[in-house]
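I've put the structures underneath this note.
What follows is a pair of complexes built around chain A, which joins chain B in one and chain C in the other.
Entry: the complex of A and B
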């Protein structure tokens, strides 16, 4: 009964509202009516020709659907695909975990959600309505969209609209958790790969191409893995939500570090399939790891001892000299790196581990990181058992993702350090940082890529060699840090001097002042330019094709349109380029949307 | 026993001499008000006391430690001396509670729960416990300044410095901040207050000083300062301000 009263909003009034809106905004005068009609006509005709382009029989979309695997992993051998799936699964599990852990469990009115859906369905109806029936193929008109299909689609759309309308009426006040809606969409997506069928190409026994069979499921080999991975995602989400109720700080730190670790584990162990040899690990890595963790723990324990304190400086200098000497000795690369981080530990331990509690924590962190680091280095330095025809096991979207992710991740700390250096009071540091930034910025990215590919080896000590992908990542990271540094510097300048003074006045050290007060504010102030930088970096990864790497765009623009063997997709450049464009757009747009939300959430503190 | 002592402190900005030899001392538990015309060096002087500015000549001792370039001394002194600014200078990206607990956690190495308990106590004391989870931008000026006082007090300082804490506030908010400061003065805190609020000086100050042109021109009890000033400069100043 009560419901009926609250439902008092008859559709007539809404339609009246619509017509009034139309009148006021679109048909307020003769000239505006003409303008409205003309622009609607223009929009319709443009959309018509775009849709016509997509569904014309001239388009060979099988060039895309058949080559999806090439697009994603390029030449990665099919026998080892489980590694690719583990990679994807791990990342998506982590995604679910952080999603569950960070979710605010925001709610939305079912009504509002329905309004959004209605918009989507109306756009679909619009497209169905204006889709051309015939298109011109080499002078003759060919039917591409038969009217029966159109009517079925329209009926379907109207049915959906009615259903949503009903839903809207029956639950006017009910709220639903936003995450559930997202899960509904994702499960529809995953469900659709079981049901929706897309044309692709098959071959007969004697390798003859069979023409597109429109009812072959798209890449039916992927349905089961994707479904399992979807399960993992939900699992991760549930674990994340559960951990959130525990609400420990250490858990969020753990999740954050697994985001740092997972990509490293992927590139050094999972994707590479290293040929490691158990004996190496047992006789070499394990003793080294134990040795260094003991060494580190000893350092942490003793350096704050009253008797040692006066000699702290000498220990640090001694360690530095030792590190430099070891660097030039012909020993395992692992040792060089370990000595370097031990030196870092020795220099920071006295300040960080100033109480029993923090000394214990630091010891644990140290031992765990030494073990992980050694294992990672073992994986990364062993030969890969994956054999591919090209120069690298990374190709297609995997390569794009890899360069973008590591390029950005590495450039963040360096960019921040460069920005701080450029604003430093010490002239030497300031001049060096300014020089680096200006030098890197003033030379085109492609030039740096060439430099990395051809000339970098000349500058490195003999015997140190990087693989082509690593070089591309290093160059990308350096290039991006210079730009990031300038963005961050802009943020630093926007911070009021009073913030520095207040931080000093409460007794924070310089490092604490930078990390706790200045940087969080500076970075927040420059989220928009950083987001555009990340987006353009993601797209600029396509330039690595120039040094012989097979990224997504290169496969779409060069590799597939030149395939003359097998399926023969010679000249299918339009379809492939369009696909690449949509693919890039999907990623950059969702990233931009995401970061807008984050900005809003963080914006709470501003004002 | 004086807790702050300055001996012939001089300070230049380029060629301009902002402090021309200030000698004074403050006893423990004393409330000292510094008055003076704009540009007379009041801010410069109290900022020298926690080394936000460096003096170039003379000596300053805080709690027996001389202020030198030694970083350890500076950090030790800063955690003993709380400062409240004219423009509040709260950290806008942190909540009120986080603003207050930040330094106790990171500098004093207190546990989070301990620091938060103390912070809530202080918010209670300055009269805004219900604002703990808001961001500074969501508070009024008077509330922000009270948070700033609580933030300084959270470090359990021996000395509090106030640099015109009410000058950026609307008249109706001035009272709420002054009330907090009066309560603090009564609790026995050593305070140096730069202010134009002569009512506050009359009511709670133990001593009033007048700065002019980088010099200390008069130092007196409040009664004497307002009713029977020694120097003509003070008479002129009082006639302008009252």
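Entry: the complex of A and C
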């Protein structure tokens, strides 16, 4: 009986174990005891001064809270904020959907969860205990932390610890789904925005700023949307979980394509508020869409006709010539793109649609994509009805995200193509790809940004104008893809030659060999450098300030410390830089955590 | 080839021809005739104005994204003159490095970005400068406790550490100025001025130097009116700031210049936003001509509506109003400075409107 128990679980560490652990690890000898005491003292004093810095009355945190809107969306007009909320809601809904769909519904012992919680609460208690009561403000000591508050916090902490300990004891073997814990945390966060009070800038009737800034609850315009969005997230999660039980491959593809589509829909239709004109859609877009989908379906059907097969090549070449000709003709930009993708269809259709079933599927996919593409292009090419004082509707965090997201999304396929090109056996392709990679890598990012922003206009014919943000995105994507290509090439080199030979022996085509055999292994091997690349790209977005775009960091470091009108935040540089640092850290750290999980799931570094 | 192929190829060709034949908006776009700046602006429907977006009192971005400041107000004024609506402005935030390229590439119609008027910038870069809207000058700020006061001179800074931002004329001016009087200084350069200010506050340097407007603003913010001294009384450099436009378009130059002059003249005669409607134009024919109340021929001959400058004063204000709104809050006052009217001993002077 006893043997069975030991097999089931290792002996639980008792409280007596704590003192033994301390003795073994921290106070094993005289010298290590001295070292322990000294380092604890150093840690405490450093933490004390950091906490003191944060809560000092010299810090003007209203510079951050008052400017949150500027930080997030810069000059986006308040009357159209619903569009921002829809954007956020859509993305978070998709996040919930993917979460629910991909979740393994892992379980964790309540006991283990409680251990984690105890660590968190102990850190909180540690901070409360060492927080300085007084800080030095220009030579005079000012009380910043009330002792009563400290006692209340300590009592609260101890109470929580007892409660958790009790929970731990009561359910020693019960398991809980990890996702539920995450939802508990998120709902606590969302709940807290209803009760939290933040220092707010207020003005008296004759426009004088109230001093000191009063603590007020958040406005309804913040709390209500976030609560609704939280609802979307739960809804998405539930749908995702439900779809998972259906377990179809097509659903996973659908979710993936909605992730591709959502950002495009957001930038072309939701965030921009395009002045599209219904007549344009009915008289121009609809006929084009119908025409091209019929054309595509016709092409798919004829190209698979046995009698046509020998001539497939000529059709593809003919289409290519036509695409090039159309590109240089003064026609709608939409048509140029449509001809290009028609050429792509004509060249891949014979390989993909080789059976009746797959031809039917390809036809459906083609028609749907043509319609979606035309609608997206209509939105993107129409004038925006959003009026902002600055030249771009993207600013602040929105701009940071936009550049990071599209930079990564565009650079990924390009990077893979460049990497494959560099390892290609065809000299022309290899030389071109190598040249591109080396040229892009050997010039600093800032120089490329300058080139895109300032010099490109001088080379382009007069009247051709590109949006400043678009230029920044393209430059970021090109720059990042060169680095990504080298990362991916590293992965390609790690693959044994036997894999190539085996693929050839089975009779796979080049495309199949790359997509089914080589790439899955190569990419799996280079997840860590790719994640580093993504993180570094996310941080590099702050360099776009050099071309006059207001990204998150520029607003924090230059714009807000120079506001003298209204609330007057002149010189509040420390608060704002700290806020930006925390903001960047939150995102990059969660990328890193996410990638660690993916690596774990793929069993990376274990085999 | 069988029939089907031929048919589908024919369809392709037909679509291609149909597309090519279609005249589209883009086709029109490609035929660009050289237009004057005024035509470009009026066709576009709004003015593109290059500002800093993060310069205290000159062009600040506020919490709601709006742009304020003396530079921004002159952008609003030009828009009011051209369109009769001050809000028809799109601001482009420009860094110091890219401002002139952006102007010559046509990305902005007008550059008002606290830009100092110098000979090289005026002659080399294909730009022209409008009338100065703010006379600035480089000064130093130090602590009274170091024995410095408003009457100190450059000779008093011998052996002190000076913080400034790198790569600007500020750095050159102070080195040259100190060299002239034989003072040796230790120069500490940082990337941007707010950092220089942080170093000064932390005591890492004894002095901080930049344009006087920046120093006064920071002293007011830190509430150190009695602890920090700004000197020398006569600045060590001349920094006339004003609008910049592309060369060789005298119509546009006239419009911008006279928008600035209109605010000066209105200030001279005491015409404000409040009394611009009730002002007695019969008694003052010059204001009558300028606002188009009596005769607006001077404005119509330069391509504007007769009441263009009436709109400027009505919607934005005269020079004194623009100045007081933006520069008084940071502790900069007109009295006794070069920015007073010429009648008060300053340099704000406009040619007569006749």
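In this text, the second predicted complex is superposed on the first by the 573 of 607 C-alpha atoms of A that agree within 3 Å, B and C clash if a C-alpha of one lies under 4 Å from a C-alpha of the other, contacts with A are read in each partner's own complex, and residues count from 1 in each chain.
By definition in this document, a residue touches a chain if its C-beta (ideal position, glycine included) is under 8 Å from a C-beta of that chain, and two chains touch if they have at least 3 such contacts.
A quick note: this is a predicted structure, and the numbers were derived from the prediction, not measured.
After superposition on chain A, the partners chain B and chain C are seen to fit next to each other with no clash. Once chain A of one complex is fitted onto chain A of the other, the partner contacts of A:517 are limited to chain B, with no touch recorded for chain C. When the two complexes are overlaid on their common chain A, residue A:318 makes contact with chain C while staying clear of chain B.
Which of chain B and chain C touches more residues of chain A: that partner is C.
Of the two partner chains placed by the overlay, only chain C lies in contact with A:547; chain B stays clear of it. Draw one line from the C-alpha centre of chain A to that of chain B and another to that of chain C; the angle between them is 140°, to the nearest 10.
Look at A:75: by the touch rule set out above, it reaches chain C but stays clear of chain B. In this overlay, which is a superposition and not a single complex, chain B and chain C have their closest Cα atoms 22 Å apart. Residue overlap on chain A between the chain B contacts of one complex and the chain C contacts of the other is empty. For chain B in complex with chain A, the residues that touch the partner chain are 50, 52, 75, 78-79, 81-83, 85, 87, 89-94, 102-103, 106-107, 109, 135, 137-138, 151-152, 155.
Interface residues of chain C, counted against chain A in their complex, comprise 1-2, 4-5, 8-9, 11-12, 15-16, 19-20, 22-27, 29-30, 32, 48, 53-57, 60-69, 89-95, 97-98, 101-102, 105-107, 192, 194-195, 197-198, 217-218, 220-222, 326, 329-330.
Put simply, chain A touches chain B in their complex at residues 354-355, 496, 498-499, 501-509, 512, 516-517, 520-521, 524, 602, 604-607.
Across the complex, chain A meets chain C through its residues 66-67, 69-70, 73-76, 78, 291, 295, 298-299, 302, 305, 307-308, 311, 315, 318-319, 322, 325-326, 329-333, 335, 339, 388-391, 395, 450, 453-455, 457-458, 461-463, 545-550, 554-555, 557-559, 561-568, 570-571, 573-574.
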